[in-house]
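Report on the following structure.
Order of writing sets the chain letters: A, B, C and D. Residues in each chain are counted from 1.
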Amino acid sequence: MTTKLSNAQIAWRAAQDIDDGAYVNLGIGFPEMVAQYQPPGRQAVFHTENGILNFGEPPIAGEEDWDLINAGKKAVTLNPGAAFFHHADSFAMVRGGHLDVAILGAYQVAENGDLANWSIGAGGVPAVGGAMDLVHGAKRVAVITEHVTKTGAPKLVKRCTLPLTGVACVTRVYTSLAVIDIENGRFVLREKLPSLSLEELQALTGAEFLVPDTVADLVVPEF
Amino acid sequence: MDKTVPSLVAAVSGIGDGATVMIGGFGGSGAPIELIHALIDRFVATGHPKDLTIVNNNAGNGHVGLAALIEQRMARKLICSFPRSADPRVFTDLYLSGEIELELVPQGTLAERIRAGGAGIPAFYTPTAYGTDLAAGKPIEVFDGRPYVQERWLRADFAIVKAHRGDRHGNLTYNKAARNFNPLMCTAAATTIAQVSEIVAPGEIDPEAVVTPGIFVQALVAVADPQQEEVLNRAGARHP
Amino acid sequence: MTTKLSNAQIAWRAAQDIDDGAYVNLGIGFPEMVAQYQPPGRQAVFHTENGILNFGEPPIAGEEDWDLINAGKKAVTLNPGAAFFHHADSFAMVRGGHLDVAILGAYQVAENGDLANWSIGAGGVPAVGGAMDLVHGAKRVAVITEHVTKTGAPKLVKRCTLPLTGVACVTRVYTSLAVIDIENGRFVLREKLPSLSLEELQALTGAEFLVPDTVADLVVPEF
Amino acid sequence: MDKTVPSLVAAVSGIGDGATVMIGGFGGSGAPIELIHALIDRFVATGHPKDLTIVNNNAGNGHVGLAALIEQRMARKLICSFPRSADPRVFTDLYLSGEIELELVPQGTLAERIRAGGAGIPAFYTPTAYGTDLAAGKPIEVFDGRPYVQERWLRADFAIVKAHRGDRHGNLTYNKAARNFNPLMCTAAATTIAQVSEIVAPGEIDPEAVVTPGIFVQALVAVADPQQEEVLNRAGARHP
C-alpha cells in the first residue's frame, strides 16, 4: 500500500490538471518532471525564462546545443511552432498574466497562499532567479512538494517562517500525500491518499485544512 | 492546437457593446481593414457592437477602416496620438460636435502604455509631456534631479491586428513597417484577433523570425489579399 | 540681396550640422527637407517613429509600398542596413537618448528652450504625434522655422504663449534670418544674414539675444 | 559608417576602473567569452580595469568567462538574479568573505530594469517581490487595489555582448536562446561592444530579421568561432 507518492507520482498528478494547449512554466529542478507526464492527446506549450516558447525533450547526449537551453541551463530541443525572444519579452509573458500555469517547488506554503521557495534564510549565497516573477504572473500558481520536510516538519503551514517568494499567490498544492487548494486564506482538502486518515493527514499539516463534503482519493499510477 | 477561425464574421463575433478595442496600424500601414469592416458589417446588421473605446495611433482617413467605424458612431471614445490625416472629416465632425470623446496621448507614451499593459507594469515614469497640458493632473516624481510624469498601463478587451504570416499556434510575422503598434497590442488585450495573409503549419515560421509569439494571440483568420487603406482612399472607397 | 532664406535654404543650413553616421529624426513636414541637403560624403541614418531606421528617398510615383511609410505617412524606400522594429522599441530609441539629433518645426521657441509646436490652443482637433517624445529624447533638439509668423509676430519669444510641447528642450534654432543657440536660458546669436543689422534682427526677435564676440555670416547656396 | 574594431584588445581598451559593465548571456548561452577574456588579459597585464560593477543574470561558472573575471577580483559588485551554477565557488568564496558586494534582483525585474534604462524610463512598478525581502526599502504604490513595488532603471557605461551576425552599422542577430539579456543590454549602455561570428556588409541582414538595430551598438569585433562556457567548463578549462 502506498504510504506516500514519489516525486514522479506527484509530477504525474500535477500534469493531469494541465489542459491541451496551455502555456506553462515549470520551475527548475523537480517541477521540470511534470512535462514528462502529460496525458495522451494533450500538448502544453512550455515557456522558459531565458526566451523560448515550445521547447521540447532533452537532446541525445552528445548532441547538445548550448545556445538552446532552459532556465535550469539544461540542453533542450524545439517543438514545431517554437519562438525565441529576449528576456524582457519573456518576463512580459510572465508578469503580464499570459501563462496559464506555473508549477514551482516550495520550502513552505502558507494557508494564505504565501510561498517561500527561494532562501533558507541567513547564510549561504541567496539566489532568486525568476521565481518571484512567476508567482505574480501566471493565471494559476501551483506547488509540487513533499508533504513534510526531511525531518518531518510540516511544509504546509499557518504562516511561512522562511523568507517569502510571494504573497497570497499559490492556489493549489500537490504533495506526496494530498491535493490541497487554497481558498479565502484557508487550506481546502481535495484529494488524499486512501491509505491515510484525515486525522493522520491533519497531524502532518501545519494549519487546519477544511474538509469539504467530497474528498477524492488521490490515485496515481505506479512507476 | 489550432487558433484558426473560419471567417471574419466568426473572428469578430465576440466583441460586445462597451468593449475596449485596440486596432493595430499606423495610418493605413498595418491596419486590419477586413477585420474592421467585418465589425462594421455586424453593427450595420445588428446594432452591435456599440459604445466602443478604440485605441489606435490615429483617427482614420477617408471613409474606410477606422474612419468608417467612427462614421457609424460605433465608438464612444478614441485614445490616440494623432487624429489628423489626409481626410479626417469623419472624426473631426463628431469631435467638434461633442459626439466622440478624445484622449490624446503622445505617441511614445501611447506605445509604452500599451507595452506596459501587456507586460504587467501598471505604471511607469516618462519625461514625455512634462510641463505640458497632456501631463495635467498626472503624478510627477523627480528622479536624479529630473522631473517625470507617471503614466498608467493601457489594456483592452480585444485587439484586432494585421500580420503577414501566422502559424496555427498564433506565431506572427509582419510586413515591413506594418509592424508598428500591432505586436504591442497583441500583448495588451485579453483576446487578440489577427488577420494574416497566410496561415501555415507550426514549424514553418523560423523561431528566430517570430515577432509575436503565439502566447499573445487567441484567434487567427486568413485574409489572402488584404486591402490597403491608402489604396482604398485614393480610389475614393467607402464602407459599407 | 537675400532678405530671408527660403525653407530649402534653412533646411540646407541645418543639414550642415549633421555628422556622418548620425542617427536623426526629422519632424513631419518642413523638417523632412533637411534629408535632401546632406553634405557630400556624409550619410546620416534617419529614424522614423513608425519603426524604421535607415529609410531612404521616396520611391518613384506608382511604385509606392504603403507598408513602407514614414511618420508623415509618405512612402519611402530603404537604404542598405535598414531595420524594422515595433513602436515601443522605436520610442525606446527616442526616449532612451539614442538619437543624435531631432529637427522639428515650431510655432514658438522661448529663450529658456521651451518649445510650442503641437497646438494653436483652443478650437480644432488637437494632435501631438511623437513631438513630445522627441523633444525629451534626442541628444540635440534643433528647430527650423521662419523667424517671424506670417503676420510678422516673433516666433522666438521670451516665454511661449501657446501650449508647450516640451520644457527647456531646444538648444539651437535655424531661422530664415539667423542661427541662434539657447544657452543658460538665453538666446545667443551665432549667425545672421549679412544684409541684416543686429538692430533689425533684434527688432524681429521676441527676447533679447546675446551677441558674442564672433557672429558669423549666415551664408547658404542659392537654390 | 563602419563600427568594426580590429581586435578584441582594441574593443575593450576603453573600459576603465570603476565602470559599470553589463555582460550578456544566461549562464554560458550568449556569454561573450572572448570579450571577457580580453578584459581579463588587460587586467592581468596592467592592473586595469578594476573595481567594476558587473550586471549579469548569474555569477559565473567554473574558472572561465565571468567566473574568471570575478576570480581576478576585478569586480567590486555584482548585480544578478541567480549567483548559483554547477561550480559557483569563485563567487561564493569571495561573497562569503565579504570581498564582493551582491545586489540580488528577481530575474524579470532585472530584465525590465535594463530595458527601462535603455528606453528612458527612470522607474516603473511591478508586482514582483512585493512583500518580500527583495522589496525592502523600496516605494510601494497601490494601483487598482493591488500593491506594486517601484523599481529603478539600470544603465551601464559599457555592455559587452555576444551576437551571431552583425553588419558594419551594428545591426545584430542572435543564435537561438543566446539572445536572452543581450539585446536589452545593448540598449542600456553608453557604449555597447558586440562580438559576432561574422561581420557582413549593410544590407546583408534582412531588415525584418534584425533583433538589435545598429543605433544601440557602438563597436563590433569579429570572433569567428566563439568559445562556449559550458564546453570549456566540461573540459576543465581555466582562464588565463
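Note that in this section a residue touches a chain if its C-beta (ideal position, glycine included) is under 8 Å from a C-beta of that chain, and two chains touch if they have at least 3 such contacts.
Worth saying up front: this structure is predicted, and the values here are computed from it rather than measured.
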Joint neighbours of subunit C and subunit A, given as chain labels: B, D
Chain pair, B-C or C-D, that carries the greater number of C-beta contacts: B-C
Centre-of-Cα separation between subunit D and subunit A, whole angstrom: 30
Rounded Å distance, subunit A centre to subunit B centre (Cα mean): 36
Residues of subunit C whose C-beta touches two or more other chains: 52, 84-85, 88, 91, 94-95, 136-137
Contacts with two or more other chains, residues of subunit B listed in rising order: 112, 115, 119-121, 126-127, 174, 176, 207-208
Each pair of chains that touches, named by its two labels: A-B, A-D, B-C, B-D, C-D
Touch list for subunit D against partner subunit A, complex: 26-30, 57, 59, 81-86, 88, 91-92, 95-96, 102, 104-112, 114-115, 126-134, 174-184, 211, 228-231
Parts of subunit D lying in touch with subunit C, wherever the complex brings them together: 1, 115, 117-121, 167-169, 171, 187, 201-203, 207-208, 210, 213-216
Complex contact set, residues of subunit D against subunit B: 112, 116, 119-127, 141, 143-144, 146, 148, 152, 173-174, 176, 207-209
For the subunit C and subunit B complex, residues of the former touching the latter: 48-52, 64-69, 73, 84-88, 90-91, 94-95, 114, 119, 124-133, 136-137, 163-167
In the complex, subunit C residues that touch subunit D: 20-21, 23, 43, 45, 47, 52-54, 78-85, 88-89, 91-99, 136-137
